[in-house]
Amino acid sequence: MIGGGEGSLIGPVHRMAARLDGICELVSGAFSSNPEISRLTGTREALNEARIYDRWQEMITTESTLPEEVRPHFITIATPNHLHYSPAKMALEAGFHVICDKPLCLSVSEALDLHETVERTGKLFCLTHNYTGYPMVKAARNMVLAGEIGKARKVIVQYLQGWLASPLERTGNRQAEWRSDPARAGIAGAMADIGTHAFNLAEYVTGEEVVSLSAKLNSAVPGRILDDDGTVSLTFGNNISGTLLASQAATGEENNLSIRIYGESGALIWRQMEPNTLTRLRPDAPAQVIRTGASFAGSGLPASMHTRLPAGHPEGFIEAFGNLYRNFALHIIAVNDGQKPDPVADYPGINEGVRGMKFLEAVVSSSRNGSVTIKL
Amino acid sequence: MIGGGEGSLIGPVHRMAARLDGICELVSGAFSSNPEISRLTGTREALNEARIYDRWQEMITTESTLPEEVRPHFITIATPNHLHYSPAKMALEAGFHVICDKPLCLSVSEALDLHETVERTGKLFCLTHNYTGYPMVKAARNMVLAGEIGKARKVIVQYLQGWLASPLERTGNRQAEWRSDPARAGIAGAMADIGTHAFNLAEYVTGEEVVSLSAKLNSAVPGRILDDDGTVSLTFGNNISGTLLASQAATGEENNLSIRIYGESGALIWRQMEPNTLTRLRPDAPAQVIRTGASFAGSGLPASMHTRLPAGHPEGFIEAFGNLYRNFALHIIAVNDGQKPDPVADYPGINEGVRGMKFLEAVVSSSRNGSVTIKL
Amino acid sequence: MIGGGEGSLIGPVHRMAARLDGICELVSGAFSSNPEISRLTGTREALNEARIYDRWQEMITTESTLPEEVRPHFITIATPNHLHYSPAKMALEAGFHVICDKPLCLSVSEALDLHETVERTGKLFCLTHNYTGYPMVKAARNMVLAGEIGKARKVIVQYLQGWLASPLERTGNRQAEWRSDPARAGIAGAMADIGTHAFNLAEYVTGEEVVSLSAKLNSAVPGRILDDDGTVSLTFGNNISGTLLASQAATGEENNLSIRIYGESGALIWRQMEPNTLTRLRPDAPAQVIRTGASFAGSGLPASMHTRLPAGHPEGFIEAFGNLYRNFALHIIAVNDGQKPDPVADYPGINEGVRGMKFLEAVVSSSRNGSVTIKL
Amino acid sequence: MIGGGEGSLIGPVHRMAARLDGICELVSGAFSSNPEISRLTGTREALNEARIYDRWQEMITTESTLPEEVRPHFITIATPNHLHYSPAKMALEAGFHVICDKPLCLSVSEALDLHETVERTGKLFCLTHNYTGYPMVKAARNMVLAGEIGKARKVIVQYLQGWLASPLERTGNRQAEWRSDPARAGIAGAMADIGTHAFNLAEYVTGEEVVSLSAKLNSAVPGRILDDDGTVSLTFGNNISGTLLASQAATGEENNLSIRIYGESGALIWRQMEPNTLTRLRPDAPAQVIRTGASFAGSGLPASMHTRLPAGHPEGFIEAFGNLYRNFALHIIAVNDGQKPDPVADYPGINEGVRGMKFLEAVVSSSRNGSVTIKL
């Protein structure tokens, strides 16, 4: 594991998600650019001292030379955005499969380069757009693709957070600091951090790609360089229109991601903060409340395969994140066994990373040019 | 009353709203362009036969000559959009106060002409943006203006309906027919019918005017001429940004209007379908659920003055609509008595009508030009 | 109208409910035992001065001698519990139909006497168990009786209010005073005031009568003589069991009435504070959200006949109360016209009043005897 | 681990909960009375073959002789009710700490015997009333004990499930079979399986013990011997009254456990199916929505110590169950280190087991005697 040391938000999530199903085991780490923090985290995780590293380059090099039975099968990258590209590339080249935090990197060109590296090395790559790991998101995609709402026409995806509604980056908060610093976050702020999640969710659930967009980015907090709020009008393939909102200045909001897909004969609504419910609207019949774990789910295998408990026993964020790890592990096992991985056990990959970077560059370009429509 | 005969959606609402508080009485009407329908409605309302008219022009002329004690104080106009301007103008010129359905008319130039007429005649004018009649909307505006969420930064207003998700206008549905016919509806469809409500709500609650916008309109239903769906990025005065969504092709949605206002130190959320609740988010404290009829409302007079029942006894659409009638009647009484009307008993007027038409022309223009930003 | 003067909670509700549909007109009243208050209310209602009375006895006597065209068709009784029996009896004997507040009176023997009076005089009688006027309650009863949830097995009805969580009766609050005074409220407090509503709702929706019960009453507020909280285990006919909770000491609750009916193949859930939604649970399929005003309601005529607006336009407490007035008026008109009233336009009557008093006497008896089971 | 093999509902939950925080490791098991199932489960868990046992007696005996560094610190018992007492007693006597499923055993006398065994051996004992592991339940207890709702007066606890609304026990469902068989489930059905959870939750949150009760049990499904539904009126110490509902015949309900605590100056409401929200009602101020992971929780250390993620990232059933394991492990570590365990890291123990059995015997006795009041 690279990054994710003490003080990290996402590091412990990776570790809990990986442990949950008893498939993955943490064996080594370079958890921080600060060696002391790296040691501290590694010790708390009860790692063999020799496998706690000060620098990620050293870790990749050393671990890649270990005998197969102790060498890790994959490397997790849980660092700020500017430190995704290099470790991901090096790990792939060194023969590791890779799980990497989103957004993929800092530009479309970096993204295409990683894409080429993945293809060339033949290694597996998972980008942690973890919201697609929720069972009811799987159900929604499955139902849309199966035509259960008729031809899809309109998608509304919103991701509202409030934690950056004050200039937290000027108070010493490390999470806020790197996210509002163009050198580490890239060309966008909220749109990169959470807008790409929303974008990925919309493309995943509709099964269509965005072909053009018009965007308006704002910096609600005075003095902030990058966007902390924005609205994007989307045009997807197959004549679907969409609206995407992302804000980290939505004071008081927690982690309010939702998606609504309207089709010719029905609609689906999902909200991350009540993730076990998928609401289906119908023009001529009562709305239906589809639930995680209910045997009727109607949503079929994609939902039930990503559910661990009977209905009414809430499953949450860690479980959804765990589904990415579980599916990635199943793919690795299949590949190692020379078998075809189960397509239902899907996870976001390198293509989704390229899409995200194209989205970000188009959004920033449109917003800088009076919201004019831009092709992706 | 002009329009609102049998088969009308909004006619009966006007009549129930007017009756609710025992202040207004219906005395005459030209309820339809079809004289038979007009007679039928008038008879059902137990009107004096002499005061049921075949044509609205005749009604205005005749009623204006009646002695003061039987002459109506005001005339309600509940016709399709293209039949607002002429009767409104004639009624004002004939000395009547006017309550008129929204949107005000078909163009900014008509709107400005009506504005001039109102000013010249000195008559009172109410435009039925009825959603501002809800107690919790009054509370929201009051709290925003009082600074209870700090400086406002972002508004998200959404109005989603599904009743036009199929080509209802081709099935003989009269409501759908005129709304999708440019000759009767004007330059916009959903944006005129419900988008103007959303726009009005956003300007009302923030107390700020939109200065520019970027819009993307869609026709989700194949073959429909006017828009049935759209997204607008708004820039208000005082550095507030906004997003407005309006759709009548959102399959399965009933009358899903909501507004979210995010400020520097808090946020307010209101949903029309659960109108007695106003949620207040705060960055450093639990969210608060502010309720119609609760003595603590904190929201003060503007809310309590528009509430009829104790908390937990749901008040709805008719009651909110009734608040417009009640306030308008109170203003007429005050004016007749030579007194200053109570400013808390407010209602939308001719200015709001002009704003709505400016909004519509800008939205259509932006959408036709690649979503480019347009000044209002 | 008897009672309901200034300061009354329910008086204005009666008047708004009666006015809503333009069928009923208030013509006379003895609004209070205090003549000044009676005059004040009558004047505000713009009544003819001669028809504002100081005493209800005088009103009944005088009005009964008026010519038919001005004589009221029915008399509304909106007084405290101990002043229901006498005016109701006198009004019936004087030839008036009667709408009376609940609970019917102070004892089973008074109730049976009123029942005999109604039968003997042939007059119509409506007891304002107004919650049965909600469209979704009508839908629930209709669905249960139609077997849509299979054989009913279990009913849970809860009515929670918090307004008497403090000793309000000792602060001069008139509403609280009479409700906590055995001389005016009768043998029970919360159980009489709201428990009878819950009981009526359970019998209405199931279509079955309670045959025995076990009760535990509490006085949560120290020093209060009557109950302000209680739990009742119910056994209905047809092998249905039930649980009834009623509390007016449930601090912070507004008017939280709900009912859940579980059957062999489904369940229905309705909550008064979100009255336009009826949820249907099913063991083998997603829950359904049935909505007031939606054309599909499935709930059929009983729901649609008591709905005034399209789906998504909230209807509330006044509208439901108005349904009782509208139905009662329709019955009077039918009777006057020698026609059979529409059975779908139902309203609670004298039988429901007798049931309520039997319930109260059984509850008090069981609670005083260690919660032992009592037959009704 | 004893029990919890393939086909078990709760076995996998124990294992995920134990793994989540990386503190516990599964080393041996007798997972089923069927040796084949035991082997299958052990193999899937990648256990050393020598430590997969056919019989639990063998496992306890053998494992207790292993050297300290490989010997398990505690044994989990996840068997049907009738197989709790013997393995628990044997494990304690053999020097193991024990985590045992609820209800504790089959009678008060067995319970008291286990209580004596725990005291005599000095071993730690955890009874998996897992719902007390939720952060917002911890917050509720903390707030009640801190007086934040004033003196508590009334508790309403409801546990509604629908999975036994059909005679599932006659279809070969093993979960349903043993739960409806007196020989394996004990004297009660639903009241034992979920009523004891509700009872434990009520005593935990109020901090008071029930002193007497009146109960009515039902068998909604024809032919079922044990109760599948029941209502209990409770009297707690310190003058708190309560109502407990438990049903497994509530058709369509998933796992609907909720608790409402009303005090002199406020109330708290928690629902297991939306576990990250605790609602606080107040008589004179807007209700508050207290949320897991929010820094302001006000609920203090007991909530934050049992939370793993920031607000808005849903935590669920496994996380709450994991809190029991984590706290139990922390106590073991403290004891092994000769330190005082952190009292905030609490978990339900042997006393709670005795309470549950007393509750069950009283409930059954009251119900068999016409719901007469019984002292606990």
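Order of writing sets the chain letters: A, B, C and D. Residues in each chain are counted from 1.
Basically, a residue touches a chain if its C-beta (ideal position, glycine included) is under 8 Å from a C-beta of that chain, and two chains touch if they have at least 3 such contacts.
Because the structure is predicted, anything quoted here is derived from the model rather than measured.
> Name the chain whose C-alpha centroid is most distant from the C-alpha centroid of subunit A.
Ranked by distance of C-alpha centres from subunit A, the top chain is C.
> Pick the pair with more C-beta contacts: A-B or A-D?
Answer by contact count: A-B.
> Please work out the Cα centroid separation of subunit A and subunit C, and write it as a whole number of Å.
Those two chain centres are 54 Å apart.
> Once you find the CA centre of subunit A and the CA centre of subunit D, what distance in Å lies between them?
Taking the mean C-alpha position of each chain, the two centres sit 35 Å apart.
> How big is the gap, in whole Å, between where the Cα atoms of subunit A centre and where those of subunit B centre?
Comparing mean C-alpha positions, subunit B is 42 Å from subunit A.
> At least two other chains touched by the same residue of subunit B: list those residues.
253, 280, 287, 291, 294
> Help me check something: in the complex, which residues belonging to subunit C touch subunit B?
9, 12-13, 15-16, 19-22, 45-46, 161, 163, 253-256, 272-275, 291, 293-294, 308-319
> Enumerate the contact residues on subunit B facing subunit D in the complex.
Result: residues 279-280, 284-291, 294-296, 298 of subunit B touch subunit D.
> So in the complex, which bits of subunit A are touching subunit B?
Residues of subunit A touching subunit B: 149-150, 153-154, 156, 158, 162, 165-166, 214, 216, 218, 220, 229, 231, 233, 241, 243, 245, 247, 249-253, 260, 262-267, 280-283, 287, 370-373.
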